[in-house]
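Listed after this line are the structures, all set down as structure tokens.
Both of the next two complexes hold subunit A, though its partner changes from subunit B to subunit C.
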Partner chain A sequence: MTEGRAVTSTKTGPSRFQRLSGYAVVLLALALVGGLYTAFAAPKSNAADSTSSEQSMAVKAGRELFLQGCSTCHGLNLQGGAGGPSLIGVGESAVIFQVESGRMPLYAGTVQAPRKKAKYSIAEIDQLAAYVGSIGGGPSLPKGALNDGQLQMGGDLFRTNCASCHNFAGAGGALTYGKYAPPLSPSSARVIYTAMQTGPESMPRFTDNQLTPDEKKAITKYVEFITKAPQPGGNDLGRYGPVPEGLVIWLVGIGALVGLTLWIGARA
Partner chain B sequence: MTNPADPSDKGSIRDRLQSPVPSSEANSGGDSRHSDLTDAGFQQTDSRGALHARGHDEGQQGVPHATPVTHAHAPLDPALEEAKARAAERKIAGLFLASFASVIAFFFVYFLAPFKFTEPNNIYFTPTLAVLMGIALGGIGAGTVMWAKNLMGHEETVQERHPFGSPPEERAAAAELLVAGAQESQLGRRSLLRNTLLLSGGALALLPLPLLFDLGPYAHKERGLATTAWKKGMRLVRENGTPVRIGDLGLGSIDIVFPDVPGGNMMADAPTMLIRMQPGEFKPVKGREDWSVDGHVAYSVICTHLGCPVKLYEQQTHHLFCPCHQSTFDASNGAKVLFGPAARPLPQLAISVDADGYFIAQGDYHEPVGPSYWERKP
Partner chain C sequence: MSRKKPAEGVAVWIDERLGSSNFVRRSLNKVFPDHWSFMLGEIALYSFIILLLTGTYLTFFFDASMHEVVYNGSYVPLKGVTMSEAYASTLNISFDVRGGLLMRQIHHWAALLFLASIVVHLMRVFFTGAFRKPRELNWVIGTGLLVTGILEGFAGYSLPDDLLSGTGLRIAYGIVESIPVVGTWVGFLLFGGEFPGHVIVGRLYSVHILLIPLAILGLITFHMMMIWYQKHTQFAGPGRTEDNVVGSRFYPVYSAKAGGFFFLVFAVLALLGGLAQINPIWLYGPYNPSQVSAGSQPDWYMGFLDGSTRLMPNWEFRGLGHTIPFNILVPTVILPGILFTLLGMYPWLEARFTKDRGYHNLLDRPRDKPVRTGLGAMALSFYIILLLAGGNDLIASIFTFSVQTITWTLRIGLFVIPPLVYVITKRICLGLQHSDRELLHHGIESGTIRRLPSGEFIEETVGLPVPYQITITGSDPTARPALHGAAHAADGLGDEHAVALPEDHMVVDGQPKPRGFFRDKSAPRPEKGQRPEATAPELESTGQVRRPE
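Here is the complex of A and B:
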């Protein structure tokens, strides 16, 4: 605008033009430097600006959602209450695990929160997570794909750390007094990863010092691999292994053979 | 000879082809199937081979080989027979064709059908192949059985066993051979050979005795079952060899740790679970107050019942759960048994922290890990 005025005011006289041209040069230089700076630093500063503003918007939206859906039990300021624990410091990951797997919102006080259909969309879950994570910090998802790891290392780590409860094929298993380790097949990569980070309910936590993010990604990849593996052999019988398979073979298979043999004998 | 009470008996092909019995004669017989065994048909064939006469014949020498005894049933009306046979023929041919079609379908499914591993309906691939293979094999099998039942003759055959004893000539020959061998070896004359052979044979009989000796109490004097590789000052390392530092475990975290023996731990009795819980939640057993560090507590993972790995830890209730027989231990209370067949708590490993902040063992377990055994001294 000032530049434009400088251009229009060139008619008023050379001295004025010279004076104004000084401003114009300074302004041009500033514009050039600013433009160059924006051009070179654009991705960074733009992204930082937009993410921080998106972040604050997500926190705001997440707060709205939280006040509507969660604050009855968890308190207006995440401080917890009679119905639910404090969420200060649980981190974004805890929200992603609990809400994306449908465990929260909780319907009834059972011995263990069951997996349900998620009540919120992924976008809403991210907003909720941003809000809860903004208060007190806590574990959050790393950047990049969560299943970007070495499959073989993931298998080794899974068998060492996870298989004792979740079964070698991720089929889950029983714990004490009605609790159970759930099957892993319905879990998304985000749910698998955040479960390791936060240790929900009976599950132990695996800090980044115990399992590095790369190792967690490898485990996530392996879990996706085994739970989504094709079943060309027909019904997998819950992937519980040789015991139910043997039971079916002995009761159904051998039973059918014995019945057939008796039938042939009766006809002979 | 015939059994008109059973219309399904159609007689053998041979009978039908060679000596068709008139229906009037067939009607004359009134005896049951069981009494057929003693009728003239057997007597004519061979008196020694007939069932009722078997008992008398066993003692007799020189019964050559079993004598097949056949018994034939009379046929029915030949025209009706032929019609039935044709119907059966069609059925059997149908089974064979079903088998053939299954083989073709098998190849089709295997190479062309859209049951690929990557597709959602891949669970039908193997079962479909199995069913087709079953029809391919079963069609031939069932057809063959029907062929034999419907078209071939019904002949009941009795075949005698051989007599158990060898003929006397063979026995005498064997005895002669033995005596000749003994004479040839000069066993009676060469007493030195005989006596040294007896000596070595007797010594050989003593060989298993040390194996029995190993079962006794002497072998366990060094308490190999009662000790593990854990030693004072030894670091707690993970399976990949990295030592565990204080602060590595978050609240509610666990790690399976092993003694830091050179070359890696190879002993099955050493695995230990390091658990971190809120220091307030942990109630140390009396006399073990300094066995844990700031809420970190270590127990053997070998179940005291039958030695399964007790690796199912519930971080909220601090239950340690054995998947084999549901023994449940309370990690916050000295691994006391809460439920199940285990008779003793899991042994606790006394731990502390060295100057660099790494966990170390204060020594070996204070009691034998794992299941009970006879010489166990707690």
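Here is the complex of A and C:
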């Protein structure tokens, strides 16, 4: 039997059944994938049907904003161009960081995009982010409060990963050839968190494997603490360390006391 | 027979046993010259006293141990964090000890002021030539005070064991290691093994609160005793010669002035300590060798060494089984060695070149010694460039320059600017001398135009008052021709067209210069009586003390 069948097939080529079986396998595989997708993904989209439509609305609105404000440099389909890089796959977080901190839209090509007043409202930024995130995916903000972490762990992680450029108190510092790590005090929690996710400019990118979302939230909480909580001891002199302290002792301390010696000397 | 006051009784009791009244009387009548610049050294003395007082308070609460503990104090962001006892106790001083943070801040500000005032005092002594014979030894002691002060400051900076001080110690370890052949061994000896070890904070604590303060106290004592014995220098002026001292007596005027000035220094430090945050160690966090903060700089007095390291090219010699890191050795060991040696030897160097080996009790005006003043300004500009280089990253980030641009500018500037400063300073000094001579010989422009019978118009000038003449010419009366010139010109025949001063403008030799801070108070006010200024030559040895009438 087996031998005969083999003979037949070799003699007459693939039978009709055999030719059709190929299509059947493809159909079965498609059905399986579709079924699996329905089993895992579809319930979600069913439960959040209104969210989904809001999402598509946001993407649509974001696309309008993008075409008006960003496409000149980044291309009509995010593919990039002479003026700016491709945005495919940069994720929602990159948009939130760049636009909320005012770095985008860029005025002019400088060593490093400077922080400015944001050109878009938070709602518009979220729409833009939804649109850019809808093409190619990429990092996005996690659920829950972004500064919901353990302060002590955040401090230790900040000193290990951030202080070497942004300084111990988040006051910023210089990098090579005019680049710099900016001060962190004007940044919102969203900007601090998305900066870690996306690693803009010279900053390294901290993926969720390097710093878990909980660790990033702890760092965000610590940064908010050191930049916003009142600190004891009087005027902080910009928190640049001993250099402004030296400047103060010469200008204020020695200045005042030399003035006083002049005063005493004139009265003697 | 009048009843004795109780205090007098005590004085007599002590005098009968110690025979001290003669010494006390001589001391109380000691005359100190008045000039504002003579009080700059006092700032250092008073900040040292404040350092001793606040430092003693801090020792009650500081625990100089590198033993690890878990922090459980009131600063929440570090609660539960493992740290050394030194850092934990510094946190306790800052947050849980009553007045601890204020004491810490005053102590730190006083340390910065101590060294800043030493430098200002050094500048005064240098530019006025007060270091010349017979005071060379006191200059060396002063240099010693500067060096010990820097070491003392660095030891204190390293004690809290926070991220900044640990970074400083890491660099200090590197500097020690850069010394050829013995460096590694000396490093092991000091730190008890590899960095960071477990002993360095405890050792630095002994050095900081016992050894160096004792050395500084001893040096200050010698410094003051020599001033007392050799007497203070003074600027040339009416009645002032190389052999006398004109000024106020120690008691009551000078002691009141000095005591009041102590409280002014204390007030400035208390204001700084209360209003300006210094070294917020809680923000730096506990020391961890894997961490470092941007802007980790030493306190200002070490800043010039940080700057020289930042300017030094990355040169290194490797061979014969050794590494000689010139990039660290030259800027942090050889350079300060040369600078402080030159500083200490300056009085002898100057005497060798000027061949001036005489006694000098009268000070120079900086403009009268253009070469010395030029050299001093040159050295200062060199030092300031190094100091700026120590903060190159902050200059870059605050003024948005490139670090590389600043570093290269300062590298070139370090060799170009000091010679330029020398030439410019010297020219300014010569120009000032020229204008002084002009004043001396030509007089002050009065603004009065007179027409001579011949029809010629001349401007009348007023001869310079004698005290100013003495200020300009120093103690040498032969270099003072203006008086004769003025008298000569009074009849209208003199070339200089100077006229004699009206009687009330003529200041008689021996009276003080015009006084006043904001306005001239030299107008005679007879109802106020005598001024406290005494012009008596010091006659202590014979006991004949002339009191001001």
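The rule is simple: the second predicted complex is superposed on the first by the 216 of 268 C-alpha atoms of A that agree within 3 Å, B and C clash if a C-alpha of one lies under 4 Å from a C-alpha of the other, contacts with A are read in each partner's own complex, and residues count from 1 in each chain.
Definition applied: a contact is a pair of C-beta atoms (placed from the backbone, for glycine too) under 8 Å apart; a residue touches a chain by one contact, two chains touch by 3 or more.
Just so you know, these numbers come straight off a predicted model, no measurement behind them.
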item	value
When subunit B and subunit C are modelled together on subunit A, clash or fit	clash
Touching partner for A:Thr176 - first (subunit B), second (subunit C), both, neither	both
First, second, both or neither for A:Val248, with subunit B first and subunit C second	second
Contacts of A:Thr160 with subunit B and subunit C, given as first, second, both or neither	both
Contacts of A:Pro204 with subunit B and subunit C, given as first, second, both or neither	first
Which superposed partner A:Asp214 touches (first subunit B, second subunit C, both, neither)	neither
Touching partner for A:Asn235 - first (subunit B), second (subunit C), both, neither	both
Subunit A: partner with more touched residues, subunit B or subunit C	C
A:Ala256 touches, of subunit B and subunit C: first, second, both or neither?	second
Subunit C-contacting residues of subunit A that also contact subunit B	160, 164-165, 173, 175-177, 181, 231-235, 264, 268
Complex contact set, residues of subunit A against subunit B	160-161, 164-165, 173, 175-177, 179, 181, 199, 201-207, 209-210, 230-235, 264, 268
Complex contact set, residues of subunit A against subunit C	151-152, 154-156, 159-160, 163-169, 171-178, 180-181, 222, 225-226, 231-237, 239-250, 252-254, 256-258, 260-268
Footprint of subunit A on subunit B - complex, ascending	115, 117-118, 122-127, 145, 149, 239, 245, 247-256, 309, 311-317, 319, 321, 323, 326, 328, 338-339
Residue ranges of subunit C in contact with subunit A within the complex	34-37, 39-40, 43, 76-81, 94-95, 101, 105, 108-109, 112-113, 116-117, 120, 163-164, 248, 253, 257, 260-261, 264-265, 268-269, 272, 274-280, 283-285, 288, 290-300, 303, 390-394, 396-398, 400-405, 515-517
